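Following: one structure in structure tokens, then a few remarks.
Read from first to last, the chains carry the letters A, B, C and D; within each, the first residue is number 1.
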Amino acid sequence: MSRTSRRSVLTFLGILGLCIATTIAQDRAGSTPNKGQPLNTKDISLDQAHAVLAAAVKKAQELKINQDIAVVDAGGNLKAFVRMDNAWLGSIDISIKKAKTARFFDMPTGEIGKLSQPGKPLYQIEVSNGGLISFPGGVPIRGGDDTVIGAIGVSGSTVENDDACAQAGAAAAK
Amino acid sequence: MSRTSRRSVLTFLGILGLCIATTIAQDRAGSTPNKGQPLNTKDISLDQAHAVLAAAVKKAQELKINQDIAVVDAGGNLKAFVRMDNAWLGSIDISIKKAKTARFFDMPTGEIGKLSQPGKPLYQIEVSNGGLISFPGGVPIRGGDDTVIGAIGVSGSTVENDDACAQAGAAAAK
Amino acid sequence: MSRTSRRSVLTFLGILGLCIATTIAQDRAGSTPNKGQPLNTKDISLDQAHAVLAAAVKKAQELKINQDIAVVDAGGNLKAFVRMDNAWLGSIDISIKKAKTARFFDMPTGEIGKLSQPGKPLYQIEVSNGGLISFPGGVPIRGGDDTVIGAIGVSGSTVENDDACAQAGAAAAK
Amino acid sequence: MSRTSRRSVLTFLGILGLCIATTIAQDRAGSTPNKGQPLNTKDISLDQAHAVLAAAVKKAQELKINQDIAVVDAGGNLKAFVRMDNAWLGSIDISIKKAKTARFFDMPTGEIGKLSQPGKPLYQIEVSNGGLISFPGGVPIRGGDDTVIGAIGVSGSTVENDDACAQAGAAAAK
């Protein structure tokens, strides 16, 4: 490698390092590690996941509906799931996909649906990631300091009811 | 696991148990088991599936069309299938997916299609469950007491004809 | 369709009907419906699934291990799932596949593994059904009258530990 | 294109034509079309598929077992299927894969299994074609003139019983 090209690489790396440092400072998760140290992250515990499920089930009971309810962790991986008796079989996959979608983009699934309509910026995003669900019922779960620690997905009724149960569930983790 | 975390898991399970017991008392399907007992359910027999297929084939013959016809059980699993001579190859998968979709949500597939159009509440639901079909031709099969015991899916002609054959098939199980 | 071919279809359906009627009379599950009636079946309730999960978690705690635990219903569809804190991510799918495999063939998954070794009768059966797991940790769940009402799958430790947790879980449904 | 290269193309096509003619003369299916004409093929009719299913069901009843039975056509596409009451859920996919495998290679599935063992010529062939089954229970169906017109796959018992039912079914098409 010539001295010139080496210098440009170093310059580049310097700039990149700066960018990364800035990025870290802006990190949503608020965990600024020392350089070379791993990120400090937060993840939903099973105890919290259970509280989330219980709150969503309670809401479903108040609404007199039967729901499929899934909770994923900060990595988007399934943490806990229940299907209430007589809830739809087709909602197993949908509730899990709603939870994953909400964590994949850290926003309620319905927000993605607004952007994925024909002519909109994220048209057909649903075919990615093995299938996303872009209608309401998936909600990020935030810990005490507002970090996203997982997500809940609910399916089995109207999207309004699904969202109400998901909101009730997510609120229980705070 | 620490004594504390073990206690929270057990506490959680207690709360969930309470919620679940309440749910069981509200069961839609009317089969309220005693606590700890399995649900009493009904499932389509091969004898019924055969009657369903025969009725759908008869309807297709009257309409002078050739159809693919699938029947799934209460668990959404394939129970019986026939492809009439010269019926479309592409309708094998569609008829099976129609039957599954109808059982997954206990409604005719065309009802889902009304809600999955752009701008509607279930837009793009078709990417879930390994592929749903949301146009007419899938119909739940109900037993004598109106319990859903399976579903029929028909494909190979217009959606009107497909639905007519599916309706004729489903009616034969009553 | 010509009159002749229509007649052969109807003749066939008559023959098949006869065969099916005989089959029903020999039904293993003991629920012999009247001709044209649905099968009377049993399915795991969420209350039971909860008891199964709690017993498997308790066993895992005694063994000081962290497990992924899945319960499927009589139709092989996911009913409930928990991943204990720090349990393997790769065991999410394995626990679910173990539960499904156990219900698909109504036997512990390890029994299938004995038959699927090179040179044995079921060699490579694992490629079917979207992926089966044929080592221990999946166990059918039987109701009070010994009917299979679902299955449990456990993954996250040695196959011996996985099987011990699955057995403990399945026993809780009786 | 130059005259020379055109001549070589024609020569090549001539040789290829000769090869094809020879191939056709050796065609297992025995249908030698005139040059430029499509192949005359034979395919299983639904009437035959029904006879195959009925014979396999009858054999299963004699053996007092419950089987999943699939019939595919000459193109390897599902033609008819029945799952006897209480037959294994996991055998739906296996019976269909057995039928496809038997038609894909025009031989009983167990023959492939002999060649797919560790160290043998077709080791791991099972991962192709979306999953093959290489143990007994899949058998080609031959028409009156010995042409392969489809295949049957049976699963739900021992491989010996599965094969006996498949053989009984295939024999009914002759």
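Operating definition for what follows: contacts are C-beta pairs under 8 Å (C-beta built on N, C-alpha and C of every residue); 3 or more make two chains touch, one makes a residue touch a chain.
As the structure is a prediction and not an experimental result, all values here were calculated from the model.
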| item | value |
| --- | --- |
| Interface residue overlap between copies chain C and chain D, same or different (over half shared) | different |
| Fitted rotation between chain B and its twin chain D in degrees, CA, nearest 5 | 175 |
| Centroid distance [mean C-alpha coordinates] between chain D and chain B, Å | 31 |
| Distance from chain B to chain A - Cα centre to Cα centre, in angstrom | 29 |
| Chain centre separation (chain B, chain C; CA means) in Å | 20 |
| Residue numbers of chain C (touch at least two other chains) | 5, 9, 13, 16, 20, 23-24, 39, 45-46, 73, 75-77, 85 |
| Chain contact graph, described as a line, ring, star, complete graph or other shape | other |
| Pairs of chains satisfying the touch condition | A-B, A-C, B-C, B-D, C-D |
| Chain A-touching residues of chain B, taken from the complex the two chains share | 5, 8-9, 12-13, 15-16, 19-20, 22-24, 26-29, 39, 75-76, 101, 103-106, 118-119, 121-125, 127-130, 132 |
| In the complex, chain C residues that touch chain B | 1, 5-6, 9, 13, 16-17, 20-21, 23-24, 33, 35-48, 50-51, 53-54, 57, 61, 64, 73-77, 85, 143-144, 147, 149, 173 |
| Touching residues on chain B, where the partner in the complex is chain D | 45-46, 49, 73, 75, 77-85, 89, 92 |
| Contact footprint of chain B on chain A as seen in their complex | 46-47, 50-51, 53-54, 57-58, 60-61, 64, 66, 82, 84-86, 88-91, 93-94, 97, 113, 116-118, 126-127, 131-136, 158-159 |
